[in-house]
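There are structures below to look over.
In the two assemblies presented below, chain A is common to both, partnered first by chain B and then by chain C.
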Partner chain A sequence: MRSSPTLSRRAALAAGAAALALPAVTRANATDPIGYATWSAAVDQVKAHVAGFEKKTGLSVAYSNSPFAQYRETMITKFTGGAPLDMLWVSDAWLPEFAQAGWLAPIDPYKQLTAYDAVTADFCVKSTIFEGKQYGLTYYTDYMGFLYNADILAKAGITTPPATWDEVISQAQTIKSKGLLDYPVVIGMAQESWMIEFMSAMVYSTGGRFVDDAGNAVMQDPKAGAAMALNWLVDAVQTHKVLSPGCVTTGELEVLKTASAGRAAFVLLPKYRLKVLNDPAQSQAAGHFKQALMPMGAGGSHSTVGWMRFYGATPRGLSGARAEGVVKLMEWFGGKADGDYVFQKTILKDLALSFGITELYKDAAVRADLGSYGDVDLMSKQQEVAHKKDTISPWFGEWNDTHGTAWQQAITGKLSAAAALKTSAEKWATLKKAG
Partner chain B sequence: MIVPRPIGPRVVRAAILAAASVLLLAYVLAPVAWLLSSSLQTEREIVSIPPHWIPDHPTAQNFRAIFATGLGLAQPSPNGADPASGGFIPSVAGNLLPAMGNSFIVATAVVILNLLIGVPAAYAIAKIRFRGRGVALYAILATRVIPDIALVVPFFLVVRKLGLLDNLASLIITYLAITVPFSVFVLASFFEQMPDDLDRAARVDGCSRLQVLLRVFLPLARPALVAISLFAFLASWNEFLLALMFTQTAASQTLPIIVAGITSDFTVSFSFLNAAGVLAVLPPVALAVIFERYIVSGLTAGAVKG
Partner chain C sequence: MAIRAVSHDERSAFGLLAGLVAVLMAVTAFPILYSLWISLFAVNLRRPLRMPFVGLDNYIAVLSSPAFWESAGRTALFSAMAVAAVLVIATLVAVLLDQEFPGRRVLSACLLIPWAIPSVANGLMWKWIYDANYGALNGLLLQLGFINSAMIWLGDANRTLPLIANAFIWKEVPLAAILLLVTLKSIPSDLYAAAAVDGAPAFRRFVAITLPALRPGFLLVALYEAMMAIRHFDLFFLLTEGGPGGASDVVAWRIYVETFRNLSFGTGAAMSYILALATLLMSYALIRSMAEKL
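Moving on, here comes the complex of A and B:
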């Protein structure tokens, strides 16, 4: 008989499929924990704080993490695929995209969360707002800092760090002329996520903007745009030769490691890197790195760029009965936990990550921790003049590719600075028009 | 009369070949040598300029941390400072060994299932005459022209519906979809090269189809079996994209995800990262060395088929 084997094969396949589907049936009936996704950073600190939350509230949290480099794409896949996500870390740069797509839900109805706006740095609050709605609480914030190796400056006979970008050039030339370093200035201009932060810090400190308040490109404006910053970079590489042409392939990590090796006098780095640079276990220049206010350009100020990452919630998380638990979890991390800013203090102590809560600068323990590797008042003063990136938009990623390439071409002399800025501005205008 | 060939040109030729070989070896092995060397350096030493190819102060602190935390004998400190050595150890150190275990389970399961599925399928396509035989082979192979990235969302939906998110089974199932077509193609080509008379003779002697496959063809197909096993193992061991999407916690994350995660943290230890890299390449390299003689003959099986 031929039919028996056929039937038995089909029966086997059916049984296999049923076995495969069994976990789905089982899981669907289980009570869903709060789905909380982050990138793979501060993992131990998050786990410990989640454990405290679960103990305190009796709620269950499913914490997951994935590498930062692929985090945005992973989240988009998970949003598209309907993964059980309630709360997640979000970069300020992704807010327009995530909010427009409906992947994030506003937190405005929850006053216990928005109450923290009053004690949070202004640019942090602004960074969580899109089209008039607020989408989260600050996870951590930092700004681009100007750091210098005091030991190298001392060897060059320089007693005061530079206050202007012109002084950076002149001091770098002195260091170079004494044979201390070939390239005393190290700034990363590789195409990576940090590039816009390096650029924005320089543009703001020279009194420029990429985009005006109405969202129109002004970067090509010779006076109010980004020309002064780009011209400085071009001159530093091409004319003064105090910044390596290799800066176009130097990322933030390479800047850090070069500085750690004692091979840089002046660097732009996130301020939290100051702790690593002064850690003898990780840096050969430990004890020598100090922070100065961001140098000014003519007509500029000590302004720098600030950024923040925040806790956002999905529409699933803020719907119905789930909302109460998710709001509690967001406050537990982004606000106070048991009456204190526990998580903010933990990540500051363990990882040197800054906080958006301005009153923490007055906290004795916080001051002691920051003071162990830097000047607390200067840190606070620099944060006061940090501004959010003006280029955050749904088309940021696409624009940034063109923009970054244009700047790199100018730095390496393949394009004039004016032409590079024109290219960037035209791309911005085209993308803005297309929406 | 035999005229002896002049020695000079032969020596020059041999010298050029030797020099070229040394250059090629240096080019190929330099990154591996640096990986190994830097894994034995402290974070402080690794940033030295010029780099220290031979560490001044070699240390096994990274490997100690991986094994001690992975085996539950120690806990990494949250700020990365290693209390024993004063060095820097990322907090994910304890996840590396479990991730290696996950990678090994997935890769081994994919190899076994590849053999269980691929061998009968390839034998049927190569030796059993049925309608649509040729189409079947190319239809199986055609599934591999779809880029993996295009399959991520559909796969994700299926995996979620099955309730297999953050489960090693999701990786095993999806990796099979990637590796089985290649295995079937290589094995079918190999079986086709074997004379049909072998098949017929065994059948005349009373063997069933299964017995022919197990007792006649499989022993002869060892190079191809090793080749597809290695391919399936390495593809599974190294796969990143699907593992990134389907795994969420250390319970199911494989080695590439954990290693990539090390660079996400706020302080990146290059020496630790390279120690993780050494562990990640050891199993594939060991397999490649052990089965080296089978790999080329297996992969080229059927390559010159007329």
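Moving on, here comes the complex of A and C:
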């Protein structure tokens, strides 16, 4: 009997994998440089910190970076091609995909790394865990913040920022009626990587979920799902006209530019953007932007979505004698270096990138830095009620495409909110079934 | 049958060409054949060790997907709008540049600027122009008093494709105009002189002499621009990412999403071959229909 094409294909792949593995194995000596890949952010800070590590340990690090927009695809190509990678930055959204494919190795056996869990924000630790195993230490974390332009509110006679989504509408109507802004609310709903963060913040604060703890879609549920958040967006655009219909082409960067130009009263933005908004060199509205807790929906809370990026290690990096150096490097960046959280403080100071280590909120230098552009205690309080995205799954990318389109269709009035959420839920169920 | 001996010169020629042929095979033929091969497998990089042979299933799945046909429809609409507009505008520009007037050379040089701008820079420029909150188009229209409040441009699903087509046209017109201008220059001036002696007015001369003589140029431009428009990706990526609500979800964008976001290389490759085949058939039909009139 002829062998099936599947088997012959597998055999060919196995042979190919063996051929690829051969040079990788021969290269993976303990003395070879530690392959460390990141996306193209904080490049100078990373280089300087790597140099400190090399000086301290005598180990050599081969550092490389590539643009974030193509980072996931680049890493997958490197994984499948057997590139000499030991440690890398990973987005929480990619963890199930990378871990399931065997591209990341758990760090549970290394107690010097997992010891940091006790002083790290809960959602950050949870975001590094997949199927009971932990895959890394936090690189940076942040959450979606609700920011407002206090100057515009003052001109409209509003003394207190909104605490609920209904108040957001009523205050925005006041601002609009006084001719201060056509669209006081600016929320990005463009098809881009930030879209799910904007949506998740609104869904959580209205007491909803996209997916339950068992991984089943509940987004279509009118009470426990995402309907309240989507309906609010639809009404804000179509009924109250306080949010521009152009939000469907407004990405995170456009929200920032609009707010910086003083053309927004209320925005959803990553909290770290507060620094740029209040920097006179970068923002016309500098000094006016403040943070408030995420507004609540009926039955909701001040919850928001948090996200994190982490240091992950490959099976190559945590194998044999190489593991010691890679674990040291991971701690050097994700934990303490020379007894202090050096890298976390550096990227906070230079780039306003936040940290997962909760005790840093008590650090005097950190408080002084954060306090120069925001309310430190409020920042900390909001972080305490941040939750990881419930949609993180191996099929997230594929689902998100259909999901984003459905939400945009609802916002532009081509589909009802209920129909859009039904489409999203059905796609989720199909992909979950396919695994 | 006598076998002709290969001369020393021919052997040298083969030897000299062999390296180039090998490079061409490696960088052109191999990727094409390999992509055809993977289009027959369920290749998804998320499952690198599970790639079963599926025969034509990827092609069947794509062709039986309503979403693909909706994308194909948008691609056809975008291409028709873009090619028609490029032809009309490029013809007018070519006719203008065929006249003698002061500053013609400067104008010709300026005309090439859009063509010389890299595609990504062109896309980013139009993104700024069209932005509803701080865009230059709204700023201009507001200052001129044509509108009272900022318009929603790309965010309006009914305007998205025409606006992307506009950005495409802006970049493509210069090359098309130059190609048509070359054709115009080949028209014997005697024809115009004879028509003028016969009393034919300018419009009549344009219809009776210029347009028929431009047919080879039209064929070339239509063919080139249609191929460019059908497979165009840059502006869809930079301006709308297929949105809003799928309003600019064309086939080239779908191929990108399927291949690089969903990592389904098998389906992505199948879509690419379907698009290539459609382009080939369209080109053949265009050449046949226009060649008959030449």
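The rule is short, and it goes like this: the second predicted complex is superposed on the first by the 404 of 435 C-alpha atoms of A that agree within 3 Å, B and C clash if a C-alpha of one lies under 4 Å from a C-alpha of the other, contacts with A are read in each partner's own complex, and residues count from 1 in each chain.
Keep in mind that, in the parts below, a contact is a pair of C-beta atoms (placed from the backbone, for glycine too) under 8 Å apart; a residue touches a chain by one contact, two chains touch by 3 or more.
Note that the structure is predicted; figures quoted are calculated from it, not measured.
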Partner chain in contact with A:Q409 - chain B first, chain C second, else both or neither: second
Which of chain B and chain C A:Y272 touches, first, second, both or neither: first
Which of chain B and chain C A:D182 touches, first, second, both or neither: second
First (chain B), second (chain C), both or neither touched by A:K241: neither
Which of chain B and chain C A:A261 touches, first, second, both or neither: both
First, second, both or neither for A:D401, with chain B first and chain C second: second
Touched partner set for A:T80, first chain B, second chain C, both or neither: both
Partner chain in contact with A:K328 - chain B first, chain C second, else both or neither: neither
Footprint overlap on chain A, where chain B in one structure and chain C in the other make contact: 80, 257-258, 261, 263
Interface residues, chain B side, partner chain A - complex: 42-44, 47-49, 76, 78-79, 81-82, 86-88, 91-92, 152-153, 156-157, 160-167, 169, 244-245, 248-249, 257, 260-270
Residues of chain A defined as touching chain C within the complex: 4-6, 9-10, 13, 17, 73, 76, 79-80, 97, 100-101, 182-183, 186, 190-192, 244-250, 254, 257-258, 261, 263, 394, 397-398, 401, 404-406, 408-409, 411-412, 414-415
Complex contact set, residues of chain A against chain B: 20-21, 23-28, 37, 39-45, 48, 62-71, 74, 77-78, 80-83, 253, 257-258, 260-261, 263, 272, 276, 279-284, 346, 349-353
Chain A partner contacts - residues on chain C that touch it in the complex: 41, 45-49, 51-53, 131-134, 149-150, 152-157, 239-246, 249, 257, 260-263
